[in-house]
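See below for the structure under consideration.
A, B, C and D are the chain letters, set down in written order, and residue numbers restart from 1 in every chain.
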Amino acid sequence: MIGYAFMGRAHSQAWRTVAAAFDVPEIARRVIVGRDEDAVAAAAQRLDWEEHATDWREVIARDDIDIVDICTPGFLHAEIAIAALEAGKHVLCEKPLANDTAEAEQMVAAAEAAQARGQIAALGFTYRRVPALALAKRFVEDGRLGTIRQVKASYLQDWLVDEDAGMSWRLRRETAGSGALGDIGSHAVDQVQHLTGQQVTAVRGRLATIVPRRPGEDGLEDVTVDDAAWASLELDGGALASVEVSRMATGAKNRLSVELFGSAGALRFDLESPNELWFHDATLPVAEQGLRRVLVTEPEHPYLEAWWPQGHVLGWENAFTHQVRDLLIAIRDRERPDASGFSPDFADGLALQRVLDAVIASDAADGATITL
Amino acid sequence: MIGYAFMGRAHSQAWRTVAAAFDVPEIARRVIVGRDEDAVAAAAQRLDWEEHATDWREVIARDDIDIVDICTPGFLHAEIAIAALEAGKHVLCEKPLANDTAEAEQMVAAAEAAQARGQIAALGFTYRRVPALALAKRFVEDGRLGTIRQVKASYLQDWLVDEDAGMSWRLRRETAGSGALGDIGSHAVDQVQHLTGQQVTAVRGRLATIVPRRPGEDGLEDVTVDDAAWASLELDGGALASVEVSRMATGAKNRLSVELFGSAGALRFDLESPNELWFHDATLPVAEQGLRRVLVTEPEHPYLEAWWPQGHVLGWENAFTHQVRDLLIAIRDRERPDASGFSPDFADGLALQRVLDAVIASDAADGATITL
Amino acid sequence: MIGYAFMGRAHSQAWRTVAAAFDVPEIARRVIVGRDEDAVAAAAQRLDWEEHATDWREVIARDDIDIVDICTPGFLHAEIAIAALEAGKHVLCEKPLANDTAEAEQMVAAAEAAQARGQIAALGFTYRRVPALALAKRFVEDGRLGTIRQVKASYLQDWLVDEDAGMSWRLRRETAGSGALGDIGSHAVDQVQHLTGQQVTAVRGRLATIVPRRPGEDGLEDVTVDDAAWASLELDGGALASVEVSRMATGAKNRLSVELFGSAGALRFDLESPNELWFHDATLPVAEQGLRRVLVTEPEHPYLEAWWPQGHVLGWENAFTHQVRDLLIAIRDRERPDASGFSPDFADGLALQRVLDAVIASDAADGATITL
Amino acid sequence: MIGYAFMGRAHSQAWRTVAAAFDVPEIARRVIVGRDEDAVAAAAQRLDWEEHATDWREVIARDDIDIVDICTPGFLHAEIAIAALEAGKHVLCEKPLANDTAEAEQMVAAAEAAQARGQIAALGFTYRRVPALALAKRFVEDGRLGTIRQVKASYLQDWLVDEDAGMSWRLRRETAGSGALGDIGSHAVDQVQHLTGQQVTAVRGRLATIVPRRPGEDGLEDVTVDDAAWASLELDGGALASVEVSRMATGAKNRLSVELFGSAGALRFDLESPNELWFHDATLPVAEQGLRRVLVTEPEHPYLEAWWPQGHVLGWENAFTHQVRDLLIAIRDRERPDASGFSPDFADGLALQRVLDAVIASDAADGATITL
């Protein structure tokens, strides 16, 4: 694993837990890599890795490393992932795939070559592994929604409400790439495409920096990324989607919300109550129709057979364990003709990046439609 | 109509509205009766009654009066209702039927004689006409819950939380009969019996006066009724019910809540959200089971065809209009062999009173079971 | 009153009820007007009007008529309202003000002349009188939200989900003017402007007809209005708003939803639970912050002192009574220097119409910003 | 650790995770003990313990063992816990303390002797470590509820709704001790006492076996424990509490629900949404009072500084990690004069057991009050 901050902690928890919960091969947690030797040494001990190192190139070259899990900031993804794939390793790369499209294209080329050699190149859109969202996907695939016409997605947070909150690398374009759009909008758009099984074909977008200047080290400094963004999406299956994201949504803590409206039913999900999927079955008699709170904790629900009895809910972190579980199964089964592989892969990440770029391009073109 | 306070206003609203909403005979709002001439005159004008009067005996004797609607305090119910029934009028009497059982028994005798003459003696447990509760009843009758095993009912209010709130007639046994138990517990027990279609056969109860003395006109005075009450009920169909009522439940405004648990499904209702009925269908596949919020505003729902388009919710007051509508239909159809009559009637009120008496008796007997 | 369909019924209920609930002058319900004599005669009886008539011009000319309440379809508003205002009457006109802007401008001219003569020209955006939304307005005016940055509004219904549902006048541009945008989007945009106290200055919009052809009398026919619409709005106080409306939102019955995000707090409202206002106070200590469900039924809440005790909720129809109450007070107080008048008036309706037109114009211009 | 079933898995997860999340001493997971050698060997590997063993006496005798975590069924608790305490080990014992009071008294004696020697004897009522319930406790201690008058607690599950579900050790008195009362009622009563800070002084109770016979290996067999139970409790601080528990509550999966009503505020919690605490502050102006959903995921909330950013919710399992964290801190600080120790201890468990016994005794005495 390369990186040991927030995402490194979450991924470590998953690697530590996966074999206790699921029937997967045991994986040694060999090396954790970071630039600051003291800090990475402490992380190795705390997060229970066998060794630590400061040079990821040396680690990638080792024969006893099979999987490289990349938890660094986005601007480092391309170099590491390409090197790891070329060294014959399976790769799990945190989202976003890269900070710009050119890099992302190179990563996809490397991934395609590696996949042809039987390697896995997995991208970490972890929320696909939240059981309630996996159940939503199953309901859609089973036709329970009929034709999906309209999707309403948003991802709202409020950690920038205080206008005296200071500058950071996340608020500068050169380090962060983009703001709310790239950070959390990417999840919302990924869910729209993933749940519907449809790809975005045209985009209209708007970006806004609501607090344009914030205190930096030398006085007020320009915020160069978006605080909030809106997009209107056309999908190739005919659905229309709206996406709204913000870091200024007072009272919203981590509110990824998705609603799907179809000819036969509807679904609703909110990441602040991640164990609930709300389902409306429009084929029932009218007098008994209603939005139904499915508490997604039954053995019959995705991933749940591995955990606790019904009604014992999961937390945010469990989806990372599911992600590692799916990765290990994809690796184990990659030779089998019926293997489903790991989704999303790097190509999915590039496609998503192009949607986000189109939102930015549309905003720059005064809202004009950008076709993909 | 006799009485023009809170209940008089609500009943007047119903009489004024019923013919606009439902296909029922037009009823002239002939006379409103009260003891204070100025006040009842003002009420007649405000609530749109043709005349006012101060002597209910004279009014009951009039030939142009067909229905007597009794909205006075409970201790006056018996005298007026018996006189009205003996005068050949149909009677709608607000709950409680009476303040004591002896009076209630006399009222039932008068009602039975009157019913044999073709009169209606209706008791105003209005919440039976809340559409969501009427739908709950329909679901139970349609077998959607299977065998009902357990019922959890409560009615919580908070208007006595402030211990400096002063004495009133509602806090003295001689005027109020009982406290939370009789006032709101009666609704909870009525719903338990009505929704299950089962009668209480045995009772254990507890009463409590949480703030035992409150400021009166001459200093602190004893509160002689209960602030809160609990009961455990056995029903003749095998269900077991718990009932909890309180006027000290901080934050609860008018929270009549009922949950029914059956072998095939469950229902939940809360009067603070009266347009919603929550239904759990335990016969669906496990992976899609969940409590379903039915917004009870469809034309297919009880009473709703008379009102507004779907999604346009009703308020607390509409149930009074439904009650008057059902009364008028009961009167119209009373000669028909298939007429369903009006439920509850005075006998139902007496049966309910006996359950409440048993709660009090059980508490007096240190919680011992009282059999009915 | 002119018109006796859905809106006529709701307005009649309000006129019948207002003097029983509020301390306002008594108003005789003189004449109800419609084109079909039998139908309007039946309506007069059912809805309790003294007379009926078929020629609105004759009625407007009568001396015993002081107020004209216009509940006809939108394309008749201009002619009637202008005539009534010129005849010296006070006018209450249902929304939308008119089906096109040219007519609306003429109406505003007539209203301004009439207002100068002391007449009231009121527009019926009734939802401003829902107590929870009136309380929201009060919270904003009291500064409880600080600076409002972001607004998320939607109005979702589902009565067109069935693609075999047939054509009607509401689905043809020539009769309806527009589709979901004009019908329900107008309410959403009105709330955005009303609650923030800010006016829209720039608009980007999208319209969609999701089911483009529906069965008509002679086979499939083109739907010429929108099924759904989206808008992104800039307001003159700096807030940014999104609006989404649809008649294809499976499971949504009458879901007008508004969320306001400010520097000091947030508010949330949903018309399917109209007695609840959710308030987040961001000035409290972090550990106790949360979205708070205010059950808007206290005497301290707008309009509530007139109704029932706390916890006894109101329905959709009560807001119409509040509207008539405010109209009568505006008429009574119109000479007083401190009179607040009636809001919205025709000029507000025209301003709103221009926002909706801008949404349509933006969509026609491939999403380009339209400045107002 | 002794035992490797459901609770053994949950405790193992906690031991594996605690040092990654919290700043506590590292603890080697030395030995896991079970009777079936193959099964315990598999568990040791899966749950990541260094060794496995089949004889708990040998393990307790080892010098390299400091803490004994007892996850066996309740009837084995006494023997193991007493032996471990006498061997000088710290003990964490899962609830219930024991299956009968005599054993529990012996355990308390052993624990008191051990505590005098500086050992910790901890009892695993893990729900006290759910952050929302720890926050509730803090609110009560800070006086935010004023005087607590009324408590409404319930714990509802539905895994026995199917009357064809077969017999198991949990349904026989000789193995299980009691049914819903002991299994889940113990949690409800513990929360009542813990959150109020008051001890039960008097009890009235009822037990019911709703499905009295179930299919066993040789035909229908008597169920000898309760399916559901109800209790009415008096507490030494003046509060009155109701408790209702059931395994027949259709649709309820793991619904431990607690409501506290005080003179200054109220709290509500539901274990199916464990990251939410609902707080009503009755000292605010009436017009803005309401039940407030506090999403308990801020660094300011109990235990949360160790986990993820705000809005990233925890699951059922995290409370076990908190329990181990508190145990390790209690061990580390036990010599310090200001150490808070670990609560609950064995004496708390015995006191709780006496409350549950009183419920049973009251039911046997036809509901009579049992004084403690």
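Here, a residue touches a chain if its C-beta (ideal position, glycine included) is under 8 Å from a C-beta of that chain, and two chains touch if they have at least 3 such contacts.
Note that the structure is a prediction, hence the values are computed from the model and not measured.
Repeated interface, listed pairs C-D, A-D or A-C, reference B-D: A-C, with more than half of the contact pairs matching by residue number. A count of C-beta contacts for the chain pairs A-B and B-C puts B-C on top. Centre-to-centre, using mean CA coordinates, chain A is 41 Å away from chain C. Measuring from the averaged C-alpha position of chain B to that of chain C gives a distance of 36 Å. Inter-chain centre distance (chain A to chain B, centres taken as mean C-alpha positions): 54 Å. Residue positions of chain A touching 2 or more other chains: 252, 289-291, 295. Chain D makes touch with chain B in their complex at residues 145, 149-150, 152, 154, 158, 161-163, 204, 206, 208, 210, 228, 230, 232, 240, 242, 244, 246, 248-252, 259, 261-266, 280, 282, 289-291, 362, 366-369. The part of chain A that touches chain B in the complex is made up of residues 135, 139, 278-279, 281, 285-295, 298, 300-301. Looking at the complex, you find that chain B touches chain C at residues 6, 9-10, 12-13, 16-17, 19-20, 26, 45-48, 157, 159, 252-255, 271-275, 295, 297, 307-318.
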